[in-house]
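Labels run A, B, C, D, E and F following the written order; every chain starts at residue 1.
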């Protein structure tokens, strides 16, 4: 029963990812795209956690953790770039 | 409010506590050895990174802080539910708005916490804090600052501001005694 | 277990790090001297290693004590060690020249130089294909850094081309590594040779495409037609000592070609044996001709020298395709000769350019030189050697090359190309010399003089030409020994993988 | 051994003038003359034995594996030439002492001269053909130096280069010929080759060999049609002309003909090529000589024609002809050298060589005039002079031969015609210079030269006369010895008598003398006729040819290489398609039989996202920020794929590297245009698309073929030994730090070096700081948003904690030094982003390049430490310790190595990003040199 | 699955190559980055695909081939270093040569009009 | 029994999380202007992630030993998500993205941006500084 649930959730997240992708592609503005990217990062955390569940192995936790950290940094960096051009000033 | 830490070797006790917790979480064990190394790291790392910390008001009312956190968690759940409904519901019923809210808080840390809370909770995202000032060491200029909020579906501006002030800003002033 | 084998890799990086750290890195003088002294030590060590190898035959160094084919190994045979010797010999000249002041025209000259040495020596010594990739990258990244030393538009422009091309090349290298590992299941070169021998037929063609991708990689490094266009701009833009050191970089490409296609795809490789020769032979000859054309087309001396490098590469590649002991031994001798001569010529171009004022090394009338006799003599020596005229090393090299051709077909093609190209080189060099030294405008010379260190560097490199001719007897014995050794795959495999390993399948 | 000394002495002689440069001129000259003088004595010391028909050998091993040894042989022919080279050489030294002016550098001249002398001696003494070739080329080089001695004169430079080019080309042909000879006979030893004439002439390649060989000889000996370089070599100082271009170097080709006579001569082909070339040269030279107004020009062409004569003699293939040839070599050397020196004297003392100006010099320099006249008479073949004798023999031979069958009579006729012209130009040389009225427009009044400048001429002229009167006594033995050497033993009967009675040959001589005089008298018409002919200036033609060659090469090169990177890349990628694609065509099926894994919806989604975003990156590549966002999704998907296919370490690394790359690219984008202008033409785009898709197809199919093939690799060993041998359960990490730690060592070296190079690139860079973004929007005013600043401060310790955790677990679980390092670096970069460089620098002032160095040093030292235990570099060590209360902990050398990795990564990443960031701030990186 | 991955690798390669052939430095950098992704996947796939087989001892019974993973790790790091260098070099070239064309000079057709920034 | 109960919990949390994640993305895709799109991801996602992470915590706690480190990710997201949103909305404001017309308080917003530009900036130079 749990497997089915997991697959169902997989489906939801895949759908979510595709919606993000849609937003990423159509934009229209760059902030929209960044928002989509950021969301994508977060959703992919969910994806990886689910993999961990599916494979029953905790080995993928760090990947998720890293995405959480690094996704934030890259979003911030892009925003800083759009705001100031010079992200390390 | 107090900015200078109680012990020089332990600049940020609560942060160290948090770090120890994090270490235990990471290693997923409460064995002695992890307590040992965790403590060491929890002491060393804040000490190393203390240079990278501008003087901020310290937590004076830990229990209050704990209550605040719990309350926020509660609000998050409700907020998410509301937003979910708003999102799924018809859009024309939504009436978004930008709201400017005067801040009684003056220091960066509390303001940050407040802004984050606002972003987490009912249909609001804190957009900006202004007038901005670069947080350079030394110049802690105290000015009246505003919080700009975007609301997904605004019924009553005054009420919203009132809730935020009473529910979040006031406790924060309490916690940091500022 | 002699650690001497790995010294040529570790000493340079140690020196580089030493130079980057206090207290050395504070003063230019300290950086210089540490760098030079360490290079001298390197030379001594490599010579010792050569002697050792000559006495004890092929030896390998299992890093981390993990036995091949599982761990990475360094292989010391006469050929590889001779290349390492060559590198350190050349390096000493270049580093001395650089220490005459060029090194202070930019940051990190000596560290980068030493890193480059590490990379080159590693590439020569390693017995593991992926490790070869790693060392390629080491020497490449160091060369990127050195290429832009002392700045300038030309350097930047050349660097962009050089870097992008080599990045693409590295990608190709990785593709081919993937193919070879995915089909042979190993990375140790000797073991690959064994695996190729017992390859199931359905994998043959995959391995072939992998092997030919390697050919592209090495061709790019070696600058073989049609992948040689980057070379003239790059080498002529680089700062003199760097260009001098670069003279050996193309040889890494040719060396790797030799290594891979005599070992992995050697006689034992059955259907794949000598699969590269069909491509290398025509391309090599074409490269020689193109280099010769370039020599005549060059409008400044550095470009001319760069084209000499291309000719030498073409010659070596052609020899690689011959796959015979005589050819291999010719490769070794000619590599050493051409590398040193071209290195010297790059340095010479610089001092000449400096003394000719605005004209620089462009082939136009220029200011009278301050030391025409000294530079003229050096030029003539270098030119004679480069043109393969007697009595210097080039002549011996040419004899070896011409004698390496065995079948009539080879003789007709190889000889005509070689002889024609050397005639063109003769014409080009005599033109260059007469313009540079004889077409002077005005009578007063400039203030520039050759500095002692520069003079030493030039003499050091140029002395090789006569010496290699005088001692050609023992040297040719050495090269033939090296050729026999490198071509006797069976026994080197027996040494590396233990006698138990034998070729299955079709020998 | 003495043979070696005969060769070595002139070589040492090259040093003498250099060492004695500071001495007085005469002293220097004398010193220079000593070594060849000794050599000459040594030579004479052998003379009796040589005349007795002996020959000497000397061999010294040099490069046995190439069949090249120092191998000398002294026989009659070698003796004769050595005599000429050394003897005339000595005279030239003496002559040059007075000829060269004060501002000419005499030591340089002597040095070159001695070098040339060495080379010539080497040729004539060689007993190994490779060694012979060595010296042959050496003569070309040294003659280049001598001709260009007055390098400030353009004609000297051009003449020198022309001579070098022509003779150099010939030399290369000769080399080919000699190598082929060596292969045919199986030895490069001259004795062997000469002994195996039959084998050579039967061999299929004989024609090729002969042609190449003759090309070598003819270019050197200025035979038609390669004669043109010789007159232009007259730009050289006269001693050089006298020595190289009359007596010695031009004779080298003849020498080769003589030397290889036994091996090569005697065939139809030999006769045809050699004699016809000789005949043509004889005529052309003789004819053209008459019209040269330049004294040396006249002598040059006469030399050409005499060389032709000798060639013709050797071409006839009869023994007597050969003897005559040898004899004429001697005679020509004597009179022509003396004539050149006389011409030099005239030039030297009257300031001109133009016969239109030079007239009636008899009154100014009677003695020189007499000498010149005698020599000229010898050249014309006047009886009682040496020239007459050899020319008689020549005429006789022309009558003896029947090589052209019924047309054989043509040869003597043409020979006579040539004789006529040679008389004519000799007459002109005498009359037009020493008589024929008064000198016109000379810069100075001519007078006799210094005593010793004239002496060499006197010596040679005396020789001419002596030989002419008493040939038997003077040159009998020499000629016999030389001829026997040429013919390989058997010398035919010949008499050196002056008077053979009335015969056709005598008649021919008479006709020649009379006709010559006749022609000279009414030369006017001939000159007019000649002027109507279009004159070809060899030197300009040559220069033009060279120029056009260069131009052609430049055009061709420019056409191949237009300096466009895109073209180079197209070559590279096409090579990939061809070389990797062709084998695939022979691969019958891609699928290798290994069952495929099932595809589920999620993977499909992931793949779809990967493909779409990759495509979007291409589509949006001109809006750079958007492209960046797209490609970061690609990277994210790739790392998710790694996660999916059970490579967590890869996923982690890919992720962290990607984020750093994105940050880097955005830093870069600040200094680059934010949009790419549209530029590629449609055709270009189509070309690129097709090439790209071909590469993609090839790579894709290969990877499919590999993935579906059964596989066994060395990896099982790693799985088996990771725990026991490497002390870790994360096999990938154990491979990285232990099994293949050396790769990692190189890898972090690359990272460190890259950061150094980047630092280098960024110093003294002229930055362009845009004031607004792509749409021309001015930048926002707030530099460091409060919220971000505050949060990033509190994130730092958290991130450090995490990286410590990742570092330590790496050995047993996914993670390790590299990833930990990147996490730390990113956390610090976040501080840079949130607070700016100044803020960070004021808190942490470290020179990152030192951090890099320290990191690498840690790794290096860890590796070397294993030497202490007499283990190879990077041999790992680990052990488990039981600490009371705390429990069991593992210590491993791999951890120290990984620490090195960690520090290097942090250092390099920060060095790269921070120094890029620093660029825009007020302060520059620490080293302020140019890059 | 293999065919899907192979297709992705091929497509990534194609896209990377196309961008690599553009005339400006930045697209070239992006192209090389994408090519690097393709290369990494390719090299990784040479060890064949395994599900639920992370090469951590004791976590599973069929391990993925760890060697290619190690190789890819090295390749990633080296690729990062190289890309970084190229990026900075692009900046340098823009600063030195005044434009961001890979040949340092704008092609004739647009050298006339001002480069868009 | 206990086991079963835990499984139900896992399923519940996972489904909850999945739904919220999906809803967040739906909001992202269908909201009319940027500012409204922002709400979905920043909120729904936090709870969605929380749900999934809780699910994972329960799952591993029942299958393996107790596993709570997913909490870390939650903490991280709670700290960072608002800041990302903040930076994004700042960017949007800087890019002067249009909110839909019926958005109230945009006038004050413009005004605020004027105020925001309090002190002039020194760092802004458009000139080529060698």
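Here is the rule we use: contacts are C-beta pairs under 8 Å (C-beta built on N, C-alpha and C of every residue); 3 or more make two chains touch, one makes a residue touch a chain.
Fair warning: this is a prediction, and the values are worked out from it, not measured in the lab.
Where touching is counted per the definition, the chains common to chain A and chain F are D.
Chain centres here are means of the Cα atoms, and by that rule the chain farthest away from chain C is B.
Annotation: 62 Å between the Cα-based centres of chain B and chain C. In terms of their C-alpha centroids, the spacing between chain E and chain F amounts to 30 Å. Here the spacing of chain D and chain E, counted between their Cα centres, is 40 Å.
Within chain F, contacts with two or more other chains are made by residues 19, 24, 26, 38, 67, 69, 72, 76, 79-83, 86-87, 90, 94-95, 116, 118, 123.
Multi-chain contact residues of chain A (touching two or more other chains) are listed as 17, 30, 34, 59, 65, 69, 76, 80, 82-83, 86, 89. Across the assembly, chain B contributes residues 22, 26, 115-116, 126, 132 that each touch 2 or more other chains. Touching chain pairs in this entry, ordered by label, are A-D, A-E, A-F, B-D, B-F, C-D, C-E, D-E, D-F.
Residue ranges on chain D touching chain B, taken from their complex, read 781-787, 789-791, 793-794, 796-798, 800-802, 804-805, 831, 835, 839-840, 842-844, 885-887, 889. Within the complex, the chain D residues that touch chain F are 766-772, 777-783, 785, 787-788, 791, 794-795, 798, 802, 920.
On the chain E side of its complex with chain A, the touching residues are 51-52, 54, 56, 59-60. Residues 1-2, 5-6, 8-9, 12-13, 15-17, 19-20, 22-23, 29-32, 34-36, 38-39, 42-43, 45-46, 49-50, 52-53, 56, 58, 61, 64-65, 68-69, 72, 75-76, 79-80, 82-83, 86, 89 of chain A are the ones touching chain F in the complex. The touching residues of chain F, when paired with chain A in their complex, are 7, 10-11, 14-15, 17-19, 21-22, 24-26, 28-29, 34, 37-38, 41, 45, 48-49, 52-53, 55-56, 59-60, 63-64, 67, 69-70, 72-73, 76-77, 80-81, 83-84, 87-88, 90-92, 94-95, 97, 123.
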